[in-house]
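For reference, chains read A, B, C and D in written order, and residue numbers begin at 1 within each chain.
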Amino acid sequence: MTAQSSIMTTTAQLAARIPNGAKIAVPPDYSGCAMTVVAHLMRRPVRDLHVVAVPQAGFQVDQLIGAGCVARVEAAAVTLGEFGLAPRFTAALKAGTIEILDATCPALQAGLQASEKGIPFMPLRGIIGSDLLRVRPDWKVINNPIAEDGQHDPIVVLPAIRPDIALFHAAKADRAGNVWIGVRRELMLMAHASKQAFVTVDEIVDDNLLHDPALAAGTIPALYIHAIALAPNGAAPVGLAGHYAPDRKALKAYADAAKTDEGFTKWQRHMLAIALEPA
Amino acid sequence: MTAQSSIMTTTAQLAARIPNGAKIAVPPDYSGCAMTVVAHLMRRPVRDLHVVAVPQAGFQVDQLIGAGCVARVEAAAVTLGEFGLAPRFTAALKAGTIEILDATCPALQAGLQASEKGIPFMPLRGIIGSDLLRVRPDWKVINNPIAEDGQHDPIVVLPAIRPDIALFHAAKADRAGNVWIGVRRELMLMAHASKQAFVTVDEIVDDNLLHDPALAAGTIPALYIHAIALAPNGAAPVGLAGHYAPDRKALKAYADAAKTDEGFTKWQRHMLAIALEPA
Amino acid sequence: MTDMQVRPAEIMIAAIAPMLQDLSHVAVGAQSPIPGSAALLARHRSGGRLRVSILGSQKHNPFTDGGRELFDCAGQGRIDAFFLSGGQIDGGANVNLVGVGDIANYPRADQRFPGSFGSSYLYFVIPRVILFREEHTPRTLVKTVDFISAPGTSSPDVYRPGGPYALVTSLCVFTFDKKRARFTLKSLHPGVSKADVRAATGFDYDESADVPQTELFSREDLTVLRTTIASEVAETYPGFAARLWNV
Amino acid sequence: MTDMQVRPAEIMIAAIAPMLQDLSHVAVGAQSPIPGSAALLARHRSGGRLRVSILGSQKHNPFTDGGRELFDCAGQGRIDAFFLSGGQIDGGANVNLVGVGDIANYPRADQRFPGSFGSSYLYFVIPRVILFREEHTPRTLVKTVDFISAPGTSSPDVYRPGGPYALVTSLCVFTFDKKRARFTLKSLHPGVSKADVRAATGFDYDESADVPQTELFSREDLTVLRTTIASEVAETYPGFAARLWNV
């Protein structure tokens, strides 16, 4: 058996390999969320996840928070978009049951890029004068070290963000373990920056994606991928841009239900019963 | 006329828009060199170019040096690969007619990434203890600003590299000005990091490259492109990986001829006569 | 559609679109339907010359280098205008997207907003940032924000090619003077008085004796907005387009 | 091909291949045909488990994020072994890829080499860097390099998970002790004596009384090398494969 084939698994087994306390990087709702894995994590439930939103979170993370899986969220925003505020996130903050590391989109991306490059930090313009600096003592302001002598040029430096696991859904993978993401390069950044990458896919194709010059350009090499599970339509209900649309009815139902603890619990029971039918 | 269509031009006009003294970024020989533009630049000849090799230079740059077009080369290496040392580069260094900014591959890439991100510098591990630091006073060593208090953790910081023009050859462009580069992402980095990007292509296609999800993943959007000229087989003789092979006979002929000033002059006269036949 | 009465959101679109004239590249966030509509209209008026990049759009999103490309592109100086809203906006153009309540209890705000998104960066590097907020009340336009997601102005030693340009609400348009760190009432939407604005605004601002009415759409522009632009808007902001134009 | 006499380049391949055993990922530069051949052979021996990434190869280059990916990947700790050569290599494993001559006259070296390539970085972050140089003379293996492209060792406060592991030449194999910053003669190629190596080496090094011969190929391995591996090598290093194996 080659290293490549051993990464093929099921969504249940993939979810089981995410330990309590793991630092997981997840994409925004439009970029490929591994919703079947999320269902398994909620059923278990996994505990004390540190979720790194790349760079913002939505339904996926609100659900994990509601199910008590999350200890800490690092995000530029948590929102259900046009369906309103993220109700479980908001409730958990109010109750003090989760920690929030408020960020801004490019700071999260820069932190992941630092990890991708193996550097301890990345500088970024902006941010100075924002209260983010107050609530993020891990972000430092230094004087630009290449500024001309004596010139005061303050700049923020952000520590590298190195998640344990990048978790996402993509359109397809091949049997060698390469994953096609097209223009969704934030998924490649997540895979490069994280220690491991766990991926669900709508389809597993026979031909090696790297052998097709057009597909290769949008492919994460197997080198970075540690688990792949087949999950057709696996990004539903949030959808997969360019492949299938969000299920707006299901999303609205969640947004309405999750406004209360009881509503969320009921929604969760119903959803898990459907999503995790015996395979 | 839209902004998009005005960027379509000829190789001659494209070359004419590269002024003396321009800081131009060029790819290595295997990644798409705009050799027809190089021929025009040699005939003019353009003067005092600052060539940024991304990250190493070969035939393309050796020829420009031989023709007296270059004032300064910033590169991790200048070599004809298996055809030996770059003879015009070596001769010019000996004669003191060009300046060399010796670098290492990831330092050039990090400098361009800094420019891509709009940050003044980028840290990079390694390099400390290398004589590169001695000959590159623009590279500084600082203490890692996020190291724990009192910990000595020296790290190099490299200033952003912002070329005036990224000059390269690609397989195809569309009429909207989008350029397909496939897996040759160093070309995208060059385009993002440079003020302008000038591109020759083997083919101009009718369909918008961004409308095809597979091709879009390997496409530089028109947003970054300022001039496109049709130049079929335009990367010959160095070749275009995945499309056409290097013309090894022509490359060997150059490597042999360029060993002497006279040989280079003769080669140049002959080459320009062929390459710049009236169109 | 025969109703040529201009609706409130359309007035905001009419107020924003002229601010984008003569620019090269305007970017719009995924949750900014009013600015998105204004940008697409401005693009239409420019004959397609204006480049409009809308996050979350399939058709109007040219980016191919992942989520970071918008921010990198802005950092390179390639984006001329962008739009920010805020749970609170104050008289110094400081924007709060994090929450309202006792700062000492952060993160347990009385009301938590989604978060700062890209504001803490884009506000610094994009030359013309247009603030917009439909709800114009002392609750949203406050004297001092409870949390600064992005400051309106910076000291001179801070690298800042970008910043606030104007603030558009359901009542009026303010412009912003960076040197004085202060808004000026620029125009009033139809039926709104200077006193209405003063009463609805929690921060102090300047106004001249004679404040003009916000320039509205020509009949032709309104038709274009409600047909061509509406269908383009629907691709990215379906809920908004359905509510406003029934498309 | 019936000639089973092992050629000098093949001895170097035989010396390098075992050093890659049990690793996960080996990367090879575009101008490193001997290490490239050794890596492809090691991959074959591992039953395909060893991942080999060869720059400039179409088939064995998995990278899809541009020229920087190799370096980023190494910085992430995902590459276990790499190969460096040098115009000069000294007894402290310092590597010179820039030039020979009076340092004061830089850049006008008496002899200019191509440049440092990625050495100044990769030598720091890849755990097992194998130095190779066919020409084993006092001109190439010197007491002290004229220019340090990449230092062999660093002070303890310098971040350095990587560094030199061995040096393979046409005469012998040295291993490197990072703590003592010194080479040890590990094995001698067939027909080479300890005295031959001492005479040909410009730097001082350790040797035990009994230095074994470099382990050569089995007949089977040699056949695989000259058939399967040779044709794979030809894809990336056509000149080398043609000269050595006539493929």
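Everything below uses one rule, namely that a contact is a pair of C-beta atoms (placed from the backbone, for glycine too) under 8 Å apart; a residue touches a chain by one contact, two chains touch by 3 or more.
Model, not experiment: these values are computed from the prediction.
Pick out whichever of the two, B-D or A-D, is joined by more C-beta pairs in contact.
Between the chain pairs A-D and B-D, B-D carries more contacts.
Please compute the C-alpha centroid of subunit B, do the same for subunit C, then give the distance between them in whole Å.
Once rounded, the distance between the two centres reads 40 Å.
Any idea how many Å lie between the Cα centroids of subunit B and subunit D?
28
So, what's the distance in Å between the C-alpha centres of subunit B and subunit A?
A distance of 36 Å separates the two centres.
I need the residues of subunit B touching at least two other chains; which ones are they?
In subunit B, the residues touching two or more other chains are 110, 113, 117-119, 124-125, 153, 155, 183, 188, 216-218, 242.
Residues of subunit D that touch two or more other chains: which are they?
63-65, 71-72, 75, 125
Work through the pairs of chains, note which ones touch, and then classify the graph as line, ring, star, complete or other.
Chain contacts: none of line, ring, star or complete; other.
So, with touch as defined above, which chain pairs make the list?
Chains touch in the following pairs: A-B, A-C, A-D, B-C, B-D.
Which bits of subunit B are touching subunit A when the two form their complex?
Going through subunit B, the ones touching subunit A are 110, 113, 117-125, 138, 140, 142, 144-147, 153, 155, 157, 159, 181-183, 213-218, 242.
Note which residues of subunit B are touching subunit D in the complex, please.
Its residues touching subunit D are 28, 30-31, 54-56, 75-79, 81-82, 85-86, 89-90, 93-94, 96, 99-100, 102-107, 109-110, 113, 124-132, 135, 152-155, 183-189, 241-242, 248.
Once bound in the complex, which stretches of subunit D touch subunit B?
30-31, 56, 58, 63-69, 71-72, 75, 97-98, 103, 106-109, 112-125, 147-151, 154, 157-159, 237-240
Help me check something: in the complex, which residues belonging to subunit C touch subunit B?
Interface residues on subunit C, with respect to subunit B: 24-25, 47-49, 51, 53, 62-65, 71-78, 125.
Show which residues of subunit A lie in contact with subunit D when the two form their complex.
Residue list for subunit A touching subunit D: 2-3, 115-119, 178, 188, 192, 210, 216-224.
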